[in-house]
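Heads up, the next two complexes both have subunit A, just with different partners, subunit B and then subunit C.
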Partner chain A sequence: MGTLTIALMDPPYETETTTTALRIVDSALRKGHSVNVFAYEGAVNLTMAEQAPHANPVKGTSVEEEAHPTTKDWIAALFRSAQGRLSWVNCGLCVDERGAGKWIEGPVRGSPKEFAEWVKSSDATLVIPTN
Partner chain B sequence: MKVLSIVETAYRATVEEQDDTILWLNHMLKNNGLDVGILLRGSAGNYAVKGQDASGLSFGDLEMSHPPQIDEDLRALMAKGAPVYYVREDVAERGIQEANLVEGVQPISRRDLPSLFEEYRLVWHW
Partner chain C sequence: MGQYLLIETHDPFTAADGGGTFGLGRRLAEEHDVVIFMLQNAVLATRKASSAAAALTPLRGRATLLADEFSLRERGIRDDELAEGVRRASIDELVDLVVRDGRKAIWH
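The block that comes next holds the complex of A and B.
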């Protein structure tokens, strides 16, 4: 089995690239690979613990009926299925400038140093920037 | 490990960040052992123009005291041994005179990009 490193930059609810990236992570984990994620800039908001689902006043649905997805729930699910094969570093300086320090269990604070080490030890590295 | 970072998205949050986040990240990666190179393409070719001045921003009584100095950041990267390339046609299409670019940046034509990519183990398009 291999190791894939991915750098993400997009914040939640901006583009579909984050959803695509998380699908890649999910697929790699399902195939038995290990995955490292370096969350840079706005991507540190993906795992914020206080994200909350909401109702939909257009449809008239409640919070429960809407079952609105949050990225932190998706990522928490990835951690549950990974069984130790998912590592996630939130860029510490990016966290500080956004006040985004409260996140779910799983991610850790880090820096480009960890990203550099992962790049050197991984079979492949994919960067998914924001535009 | 040799990594070529292609920077195309220009001036994304450079005022707020006081730098370009991808150039900054690559500087950090260089400091941590990756052999990085930079390719400026598209509008990011303007990063190599000398003497850019982004100073003067203020909101009420709050003045921004450290504006981005992208040209100086490129000089610092090159001083660390990271080559900086720009796509000659992209710069020309924007009316930028090559004489106005930071010393040391290297032109490369679009048709020669595959050869440049061959020199690197990883190519990242930011």
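The block that comes next holds the complex of A and C.
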């Protein structure tokens, strides 16, 4: 099995790229690979612990009926299924700029230095830029 | 011979740079093994009814053209609507191309 490193930059709820990136992480984990994610810029908001689903006042549906997904729940689920094979670093400077320091269990604070080290030690690297 | 994976995510009509990936793929395919994987709105270019599909014609037989099955399903695009040479592929296949095969991946 190999190790895949991914650099992510998109913030939550903005583009389809977030969904695609998490699908790639899920697939790689299911195949038995280890995955490193370096969350840069707006991607540090993906794991914010206080994200909350909401009702839809236009349709008149409740929170439960909407079943609104949050990125922090998706990523928490990936951590559960990874069984120690998912590492996630949130860029510290990006976190400070955005006041995004309160996150779910799993991610750690880091810097581009960690990303560079991961690139060197991984079998493959995928850089997913913003649009 | 190098192995390349070009990942295109943009709708061909949203930005003028969308065709750049296909042009790059065409030039790389002259000397290298190239896979172009279309994801998200890029799969709109894989419909034979779209004028954007013409950009794929020079790549036919020279590069492997894959369209993400999830993106196709989200947009209601059926296999019989795909341009010649384009094949439906799963995200698992993309992971294999990157991790197992070690292709040089460029995301746009």
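In this text, the second predicted complex is superposed on the first by the 131 of 131 C-alpha atoms of A that agree within 3 Å, B and C clash if a C-alpha of one lies under 4 Å from a C-alpha of the other, contacts with A are read in each partner's own complex, and residues count from 1 in each chain.
Here, a contact is a pair of C-beta atoms (placed from the backbone, for glycine too) under 8 Å apart; a residue touches a chain by one contact, two chains touch by 3 or more.
These figures come from a predicted structure and were not determined experimentally.
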So, on subunit A, is it clash or fit between subunit B and subunit C?
fit
If you stack the two complexes on chain A, which partner ends up touching A:Ser27: first (subunit B), second (subunit C), both, or neither?
second
Applying the document's definition of touch, where does A:Pro129 land relative to subunit B and subunit C: first, second, both, or neither?
both
Taking the superposition as given, does A:Gly2 touch the first partner, subunit B, the second, subunit C, both, or neither?
second
Per the contact definition in the header, classify A:Ala116: touching subunit B only (first), subunit C only (second), both, or neither.
first
Does the superposition put A:Thr17 against subunit B (first), subunit C (second), both, or neither?
second
Looking at the overlay, what does A:Glu41 touch: subunit B (first), subunit C (second), both, or neither?
first
Is subunit A touched at more residues by subunit B or by subunit C?
C
Applying the document's definition of touch, where does A:Val108 land relative to subunit B and subunit C: first, second, both, or neither?
neither
After the two structures are laid over each other on chain A, how near do the C-alpha atoms of subunit B and subunit C get, in Å?
5
Footprint overlap on subunit A, comparing subunit B with subunit C:
125, 127, 129, 131
Can you list the residues on subunit C that touch subunit A in the complex?
9-10, 39-41, 68, 70, 90-92, 94-96, 98-100, 102, 105, 107
Subunit A-facing residues of subunit B, complex:
1, 3, 8-9, 12-13, 21-22, 25, 28-29, 32-34, 122, 124-126
Please output the residues of subunit A touching subunit C within their complex, sorted ascending.
2, 4, 16-17, 20, 23-24, 27-28, 30-31, 33, 123-129, 131
Report the residues of subunit A in contact with subunit B in the complex, numbered from low to high.
40-41, 111-113, 115-117, 119-120, 125, 127, 129-131
